[in-house]
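What follows is chain A paired twice: with chain B in the first complex and chain C in the second.
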Partner chain A sequence: MVISFQDWNLLGDRTWAGWKNYEKLWNNPVFWQVFRNTFVYLILGTPISLVISFFIAYHLDKTRFMHGFIRMLYFLPFMTSAVAMAWVWRWFYQPVPIGLFNNALAQFGIPQIEFLRSTTNALPAILAPAVWAGLGFQIIIFMAGIRAIPQSYYEAARIDGVSKTATLFEITLPLLKPTIVFLVVFSSIGFLRIFDQVFNMTSGDPGGPLNSTKPLVLQIYQSAFTDFDMGYAAAQTVVLFLILLCVSLFQLYLLRDR
Partner chain B sequence: MVAADENQAPPNKRFSNRVAKRRVSMGQYIRWSVLFLGGILMVMPIIYMLSTSLKWPHEIYDVSLIPKEPHLENYVYVLEDGRFYGWFTNSLIIALITTLSNVLFDSLVGYTLCKFRFPGRYIVFIAILSTLMIPTEMLVIPWYLMSQSFGWLDTHWGIMFPGLMTAFGTFLMKQFFETVPDDFIEAARIDGLNELQIWWTVAMPLVKPALAALAIFVFLGNWTAFIWPLIVTNSWDMYTLPVGLSTFADEADVAWELVMTGAAISTIPTLVVFLIFQRFIIRGVVMAGLKG
Partner chain C sequence: MKFTKMKALVFATATSTTALFSTAAHAVEIEYWQYFFGARVTAMEQLIENFEAVNPDITVTMTHFPYADYRTKVAAAIPAGEGPDVVQLFYGWLNDYKAASLIQPLPADSFDADTIDAEFFPMVSAMREGENYWALPTAVRSLALFYNTRLFDDAGIDGPPETLDEMLEIGAQLTKRDGAGNITQAGLTMGMTAQDHHWFREGLVRQFGGEPYLNDYTTVNYNTPEGVSAMEFYVGLGEENGIGAVGFMDEPQAAFKAGRAGMHIDGSFRIGSLNKTRGLKWAVTELPATGEGMRSNYSSYWVNAITTKAEDEKYDAAVKFMQYVTSDEAMQIWLDVVGELPAKPSVGLTEANSNDATYGPFIRGLAYANTTKFVNESAQRKVLIDAVERVKLQGMSVADSLAIAAAAEQELLDAFYTSK
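Showing the complex of A and B:
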């Protein structure tokens, strides 16, 4: 915290810089780009992963045949290392002679898609493995939440002739609120901290074309350990901390009215 | 399976019984197929990684999943390079030590906070809770400066020290020790056990599932940790597997079959462990997720 007010390149003397680092940050267009990227990861990643995982959990809960095996399939990516998988996905995204996705597109005669080299596609392309790896965890937590709802509520609803959709929206979702809040916060924090995937999928040009994929954590890493501008990096860390604090306080607020 | 679902289906008078039955079982069939296909899609990247690591270089542009002539040359090549052994050992040492240390110290602190009344207990607990939401990424700069001034850069200790105790683990263990009845502890005290013995012989066995959950989380977290080992190490023989893989893949660049082999080497251990202890791990994840 204190370092953020100092001018320090790790080797020389520390000097007091006051608000200079924050001013630099405020006036830097790259910082705003990075700030925006971080929130795009959050705003796209959290709802997408939660909707998919709830959908799967809801239906998997009603499936008995090979239940354990299917659950295992969905959970397996959670056990992988983000670095290894970032490289696998990076390979998928390569242009035509190499990449799996573009090869498949070529077979159907569809024009190529530039994944990691385009300023608009690169961010979703990096988000995909992050969502993919987290799904298993969310599904398992959702299923535990669904299991915890007493069966008698459903019986009562059935006797009253409530439709399945209404049961889902009137019973399942409201009673899952604590689970949903937990997962929203957990995955939001996860997406705000995204680093491993970005670093590995865009190494050589960290942060992607024109910084279009760079999240705050990568920016902090570069300021601190590539440019050795510790004060500036610390100032950015403070910003990240404030964001995370807001998310956590928001969680407390939501949980209170339970 | 179908019979059970029939019972759950809402009564619908507009359809005859037979139609209703067929509708439900069709729905069930579609649901199962969609889920199954989705599951297969989910593991596709892993399967492709493994399959490509068995292919010859000229085959890797082939979309086909099954290598024409599967072989282990890539593994031989990558392991002969020698560096992977070191990275693997580093990762293993660090993950094992941090896991042991967490299981021991988190539970010790959690137990103390839970079962003893002492002045300042509440403050300590709040202090631990408040660090719970500060993630690694926020702390790398202070940690780095600390390791620098203590000369811990580029050492195993430097990689490990931040993770030897975690707020999450302490909190989790405290929550679980709440479920140990105070009567048991009282009884042990009357029987003349000292406090450490009570913790070890009475309380610890009762929270075994929680300890297992904690161990899994800590091990997986440290095995896959990237940003901190990347920062604190700067010579390749100190790298952990993820950091090593990242540099290795950067060098190998176009030799994708070698990149996939490296990725496979760092992924297979956790996958195997998971396949063996599957039920156990999923239960642990649920427990940690819901209590934490």
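Showing the complex of A and C:
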């Protein structure tokens, strides 16, 4: 907090800068772009990952076939190092002749798609592995939540002849609310802090072409450790902290128990 | 029984420790810091060994860190009276280190500024201020054109290009595309993320008749008709002439290593890793000249400096050590072990070195090289990366994009120089 009001390049003395760092931040178009990117990660990432993981958990809960093996499969990405994974996905996304996806497209004569070197496709392309990696954890939590719902409710519903969809919306989802609140807050914070995937998948030009994938955390890292502008980095960190605080409080408020 | 053994051991240890300390009392121990890079560490170990053989009363301890932590550690250690007496730093950081009083000038009696000016390659003069030099390199780096001899032979091309036009011609012959028009083999690798931004700044802009910076690198000057034609030429490599593509094989050096690119512009520090690539046959030539034969190159270097921590006998020892690491002998060792070029013509331009098939083109390049005085290399590189991306991804005209880039870079320079 104090450093955010100072000028410091790690080497020299710290000098008082007043609101200068915050002014610079306010007037910097890159900061606003980064700000927007951060929220795109959040707004796309959280709902998509929750819906997919709930869908998988809901259906997996009913399967008994090779349960342990399947569990291993979906939990594996979560245990893998984000850095290693980012580099593998980076390879998938490469243009012809090495990229997995583009080679497949080329096989069918479809023109290649620029995944990472594009101002529009790069952010979703980076988000995909981040969502995929988090699924395992969310599925486990969802399954635990689903298991915790007493079977007697379902039996009562079956006796009353309630449809499957109605059971899902009237019993399963409402009773899963604490689980959902936990996961929403947890994954939101995760997406607001996204760094590893972005940094490693666009390491030549960190933050993607024309900053199209740069999240706030990466911008902070660059201000601090490549530009050595500690004051500016601290100012941005204060902003990130406030965002995290507000988003979490807002979500808790929305999803509170009435 | 056991007890006596133990006692003997304790005594033995105690006496040997005293013995150690008694020799240390006569000797001076200085510390040297550099960042970790395998070959550099090996070379420095060799230099230290040679230095200690001549100066038995001085011990040099080397400490190295991962590059990422380097600056933080140096900054934290020296003011606390810890850390190095002699430190290695990138030439672009000198101003910061000076301003923070982490380093002190080299003494004028052992490092006479005029003698250094006469003996070293001219770009080293960036380290001079008044009658003092602040730091000196052991080695310098420059750019050259690597080419894949196997691909050249397959295409029936006799030799590497001498001029930019020849480069385009050869590049076109080497470029291969699949049915959908995607490049599968590039004539020339492209990417401002690698060394191309240096090639553009100090190479192409000058070759097209421009002057990239004015007023001792405080004013950006590539936003001129000459600069625009240089950028048009560069962007054109990927478009109308189509001999390469940004992002092909992820990174330029990866494409070249994989044998998927005919030509590749890179620094002398790449030699080591290319030598380790199995099945790759390559050679080096000087950067292509203009039709009139004008060449221009970029060079950069790491320097060694004495820190403000070194005082009294440590200072004297540090001066001696600095003299040794900037000597001809040290430079030759550095070239042989690391592959970085000697900072003095007297070592670099020897018959053997300048005619060396691998190092020769780089060493000859030093004669017409310029060193950009970066204030923040990665931010300034980003400016040029974005300039190309705006043209490629957003369809902006080269002139407009370069104007934005020049303004952005000027802002970086201004911010730096006004805060000093």
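FYI, the second predicted complex is superposed on the first by the 252 of 258 C-alpha atoms of A that agree within 3 Å, B and C clash if a C-alpha of one lies under 4 Å from a C-alpha of the other, contacts with A are read in each partner's own complex, and residues count from 1 in each chain.
As a convention for this text, contacts are C-beta pairs under 8 Å (C-beta built on N, C-alpha and C of every residue); 3 or more make two chains touch, one makes a residue touch a chain.
Predicted model only: the values in this text are computed from it and were never measured.
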| item | value |
| --- | --- |
| Contacts of A:Ala144 with chain B and chain C, given as first, second, both or neither | first |
| Touching partner for A:Phe225 - first (chain B), second (chain C), both, neither | both |
| Dominant toucher of chain A (residue count), chain B or chain C | B |
| Chain B versus chain C as contact partner of A:Leu242, first or second or both or neither | neither |
| First, second, both or neither for A:Phe195, with chain B first and chain C second | first |
| Which of chain B and chain C A:Pro209 touches, first, second, both or neither | second |
| Which of chain B and chain C A:Val51 touches, first, second, both or neither | neither |
| Chain B versus chain C as contact partner of A:Pro97, first or second or both or neither | both |
| Chain B and chain C contact sites that coincide on chain A, given as residue numbers | 91, 94, 97-98, 204, 225 |
| Parts of chain B lying in touch with chain A, wherever the complex brings them together | 1, 4-5, 8, 10-11, 28, 31-32, 34-36, 38-40, 42-43, 45-46, 48-49, 52, 60-61, 63, 133-138, 140-141, 144-145, 220, 223-224, 226-227, 230-231, 241-243, 245-246, 249-250, 256, 259-260, 262-264, 266-267, 270-271, 273-275, 278-279, 282, 285-286, 289-290 |
| Chain A residues within the chain B interface of the complex | 3, 56, 59-60, 62-66, 68-77, 79-85, 87-89, 91-92, 94, 97-98, 100, 103-104, 107, 129, 132, 135-137, 140-141, 144, 154, 158, 161-164, 182, 186, 189, 193, 195-196, 199-200, 203-204, 217, 220-221, 224-225, 230, 233-234, 237, 240-241, 244-245, 248 |
| Touching residues on chain C, where the partner in the complex is chain A | 68, 71-72, 75, 96-97, 99-100, 102, 178-184, 191, 193-194, 245-251, 260, 376, 378-379, 382, 385-386, 389-390, 393-394, 419 |
| Touching residues (chain side chain A, partner chain C) in the complex | 7, 9-13, 90-91, 94-98, 102, 106, 109-112, 114, 116-119, 204-205, 209-210, 222, 225-228 |
